[in-house]
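In what comes next, chain A is part of two complexes: it sits with chain B in the first one and with chain C in the second one.
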Partner chain A sequence: MTTVLVADDELSIRKLYERELAEEGYSLVFASNAQEAIQKAKEATPDLVIMDISMPGMDGIEAMGRMLDDRNELPVVINTAYSSYKDSFLSWPAEAYVTKSSDLTELKDTVRKILTEKSEGPTN
Partner chain B sequence: MNPPGLEVYRILLEKLCARSRIVAFLADVEGRISWADPSAADGFPGAFSDGESFQNALDEATLLEPQRAGPFASEPAYEPTHRDGELRRVEGGALYRHLRIPLEDLGPGYVLHCLVDISHENELEEHSRLNFQQLSSMREIVDILYESLSTPEVVYLCLVAVSAQVGFGFNRAFFLQVNGPRMRGRIGIGPSDPEEAHQIWSRLSSLHLSSLREIYQDLTRNSGVPDPRTQELAVHMDFDLSIHAPETGAEAPGILGVLGRGKPARLHSSEQGTDVDDTLFELLATDEVAVVPLFVRDSLAGVIIADNFITRKPIAEGDLNVLKTFAGYAGVALERSHLYDELRESVAKLQAANETLKTSQQKLLQAEKLSAIGGLAAHVSHEIRNPLVAIGGLARSLLKDRDTGPETAETLQIIVSEVTRLEKFLRETLDFVKPQVRDAVSVDLNAAVLNCLATFKSELLKSAIKTDTELPEPSIHGWMDSELLHHVLSNLLKNAIEAMPDGGRLYVAVRRNDLSATIHVGDTGTGIPPEVLPRIFDAFFTTKPEGTGLGLCIAQQSLRSLGGTLELEADDKFRTVFKLTLPVSAGGGASRRSRKRSEMSHARMETVETTARSLS
Partner chain C sequence: MRPLKVLPMLLAGGIGERLYPLTSNRAKPAVPFGGNFRVIDFTLMNCVLSGLRNTHLLTQYHAQSLNRHLLERWNFLSSELGEYIELVPPKLRAAHGVYRGTADAIYRNLDLLDRSRPDLVLVLSGDHVYRADYGKFIQAHVEREADVSVLTGSVDPGEASSFGVINIAQHSSSGSSVSTTDGRITSFIEKPADPSPYAVDGRCLINLGVYCFETTFLVEQLVADAKTKSAHDFGKNILPASLDQGTVLSCPLDVISPDAAPYWRDVGSLDSYFKTSMDLLASPSPFDLSDPRWVHNSRFREWVPALYTTSAMCDGKAVHGKNLVSSGVRIEDSAVVNCIISPRVVIARGCELEGCILFPDAEVGEGTKLRRVIVEEGVRVPAGTRIGFGEDARQFMTSPDGVVAIPGNRHFACTAAPALEETPEAVVGRSETAPVFQGAPEGARG
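Moving on to the complex of A and B:
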């Protein structure tokens, strides 16, 4: 089963994603801060990470860096309320950048697309 | 038939005449000469021969002034004074006063005629009269000079003073500026030929201009150059004194010596001089000039050259003395005006600096405001967006739930659409402040305008607004971030449309001038109230209830980061005009002419001016 790690400091967002992404058939792992996210990424070996940027303590960009140090091929989707990081080179290592919206269609589509490409990749 | 006693008189008179400047002769009652001083024959047109009528010798031609005093013979107690009797001048000779002394002891009607040579005396009298006049002129000149604070005016007034009849009475006067080794004519006034002299002088006398001030005002009122030919002559005087370096100083000949000594002097063409003198006399076509060096703070600033080109009147010692006094005053006046010029220049510089400072301060203030807005906006956007995502997202989630009844679904739908509206607002306003990286690319301005207009199609239709477009063929390419240009144009078009709720005319044009292109966006709307004009680019300033007061402010700042500007300009057709300036890209669809030009100087940045009408 495909495992998706969601790192976000806001409980209401985690609840929403739990509800919506479970519908997509993913197994979900949650982290409420960056340290926890790095820890869970090691333990749960997710197939994809949805990463918020603004979190207390370490931010999502740095957490992403640490994760990619460990697992270079891990796809990270940055999902933040800030649109300003979109053009920042700091977010370039991310597989995708989706600005937070109450309409989760874009996020879901992006995640699905990345996972499909990933699973098809080795066979090609 | 000479009367007895005549012999005695003759001896006495001959001795008197030999020792004095008197020409004497005796005439009888009929005016026939019975004796004449032997020297009388010299210089007079007729001969003083015995028996001839003296009227032949002293004809009317010599008469200058009619008789001043009454008859002599009829007044026995009469004592003649030198003031009596008519003035006579012999052609090319001396000036005489013709006195008649009755000698009744010789017989009735005998009169001794004495022609007293008063040439010298008259000269003195004339001089004292002139000196007095010149002294009073001097006072007036000094008064006027000290009132004037502009250097050209002071110089001009000096020349008027030197050349006016009520001044020092020279025919012409020239001012030559001395600047290092260069001496150049700047101004010349006075008639250039006798005919013109007659015209000028008779005009001046008919105007009864009694003071220098009036003459000066008359000259400057009529035209900038009252005597064009004399002015032209002045401009032709151009000397490089450095080539005469060995000849300068007080010992130098001619005008160089005068400048070296620094005192006004007369120069005659016959005197030894340098080729400066030769050129000067040749240009002036005159034989004698007065040279007045002018000093400002102990250094030679210029020289006034005056002559009597028309009347050929010799320059008298007295004239020169007056000029010496005048030169001092003129120097002081020039110094004052120089100081004033410097002061004025400094004040202008200070004002300009102050203005620049004020502008920079305003820009800085605006930049600071914007930076604060940027930070605040990003923060607010983040803080609002997160809860919105949760609210809206969960509402959407519930909507999909099978358990949700139609009434709840309707309520949830309201939540979803309201959240969507708020998210849209965040995207369109606050997100625009984000410090993002923008890339200038070559943008087809016609296409940009048309694309932008297309997005307002329904609004234009709804408000019954007619659109006039004026686009160049081929189009012009601007150098700009296309998203930014689209945003700014949209902002300006939106404002223009909102200014015409009851319909009107929207005017959009792209034009190319010689070195720039303009996009005009105008409307026939309500216009911006004058009191609001200075604030329309201020952050958070808005006249619209639902406005953020950020649109124009952000547009202006963003454009600036890519070498563009957005300004407000007055316009006749449209009450308010925005001028957007941005670099033009050399390639693309630019005209053949502009391509050629850009090939010649591809590094040159050109500008496009976009003028647009807007509200805030």
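Moving on to the complex of A and C:
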């Protein structure tokens, strides 16, 4: 089963994503901060990571960098309330950048598209 | 229109294995060159003389040697005016510890690009000896609306197989192969066994390792490459991949060199280092350190060592040549010819030195004979030593072309001094009590 790691410090977001993404048929793993996300990325070897940026302590961009140091092919979808991070070069290694919304359609479509492309084989 | 913001990123992290033992305790760009310079000085001088006074220097192996050199030599830049040379060590967070390639070195420092937000990134290498006006390079890049400009040299096909070869040929409608009129690069071939198919008018274009990138284009290429299992190298990966993504143009060194006959050398091996050094002593020299077009009215003219012609008897033969001699050198009554002598070197009397390079603070004892020898910093060569006459392959690191390198940790067994009258000046480098200088490497004492 496809495993998706969700890193977000807000419990309400994690609960919302648990309900919505489980309907997509993914096995979900959750982390409430960046350090925990890095650890779970090692343990659960997810197929994709949904990463919040603003979290207590280490931010999601730094966590993404560390995850990619270990697994450079790991797709990370940045999912933040702020669109301004999109201009930062440090966010560019993310596979996609989706601004948070109560409507999860864009996020779910993005995750599905990336996982489909991934399952169809590497492009390089 | 606001001026373009250009950020030079100077790659100075190579391990320099082919230059060993000169790189056993220092970074390759920190290897002494031309008596009073370090290899990296030439790229840094190019930067400053091109008006680029804010350089990030990406270090890795033996970074302290570069740090020391920058503190001593390059401390004239004014941080109050926004001028700096910033040493950037590798990020320790990297799981791999060290940079995996030249492209990885910049990818792992995207935060620097994000912070300074330059329009253009100039990617430079710290182990090349050449003169170039990067301002003209940037101007050509902008005028031709390139995404990447690659500085290129031109060599005979017979010499091209050790370089990255650049192909600017394209197939015409008639099926023949012709050069692109704007220098558009059509392929990169890394060290081809037979470069002749890529020759144009009997010459091959080679990649000189100097690039000008549109910043966003560079970041896009670095990010895409980081997700692959490539060597993360500019020449092997980034540039070939860029051909499908944007406009990649060749900029010949002739266009941006202040010299009528452009000169560029990679000092990556002992032999190329030695040969490039000896070029400084040639008549006429293809790379004159004191060329006024380069050092006129700049502080760099103070760095140029004295150059003089001389004749001397070496091994029974008359040899005519030149010497480059730095400050604080003391030479007693000795035959020294075609040598490059760094600061504070001491050569006792009765020596014969031909075609040698002496690093700072080296001492040569009386009656010593050296030929095509590189003497490391601080080494004390005992009186009566004879090196470079064909019997050193087992004792010393000897290059394929027969250049002998005496490493810094080298200790010598005591040898008998020649029958010279003892004077206070003649005892330099000799020890009356200790039969062996300290710290001899394994196997060196026999």
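By definition in this document, the second predicted complex is superposed on the first by the 121 of 124 C-alpha atoms of A that agree within 3 Å, B and C clash if a C-alpha of one lies under 4 Å from a C-alpha of the other, contacts with A are read in each partner's own complex, and residues count from 1 in each chain.
Please note the rule applied: a residue touches a chain if its C-beta (ideal position, glycine included) is under 8 Å from a C-beta of that chain, and two chains touch if they have at least 3 such contacts.
In this text the structure is predicted, and so the values were computed from the model without any measurement.
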*Combined model on chain A: chain C and chain B, fit or clash*: fit
_A:73 in the overlay: touching chain B, chain C, both, or neither? Say first, second, both or neither._
second
*Partner chain(s) touched by A:44 [first = chain B, second = chain C, both, neither]*: neither
*Between chain B and chain C, which makes contact with more of the residues in chain A?*
B
*Could you tell me if A:13 is touching chain B, chain C, both of them or neither one (first, second, both, neither)?*
first
_Is A:65 touching anything from chain B or chain C once the two structures are fitted on A? First, second, both or neither._
second
*In the superposed arrangement, which partner chain does A:54 touch: chain B (first), chain C (second), both, or neither?*
first
*asked:* If we overlay the two complexes on their shared chain A, which of chain B and chain C does A:114 touch? Say first, second, both or neither.
replied: neither
*Determine the nearest approach in Å between the Cα atoms of chain B and those of chain C after overlaying the two structures.*
7
*asked:* Under the definition above, what is the set of chain A residues touching chain B in their complex?
replied: 10, 12-13, 15-16, 19-20, 54, 80-84, 86-87, 100-104
*asked:* Show me the residue ranges of chain C that touch chain A in the complex, using the header's touch definition.
replied: 93-96, 110-111, 113-114, 219-220, 223, 226-229
*asked:* Please output the residues of chain B touching chain A within their complex, sorted ascending.
replied: 378, 381-383, 385-397, 416, 419-420, 423, 427, 431, 434-437
*Touching chain C in the complex: which residues of chain A?*
65-66, 68-70, 72-73, 88-90, 92-93, 124
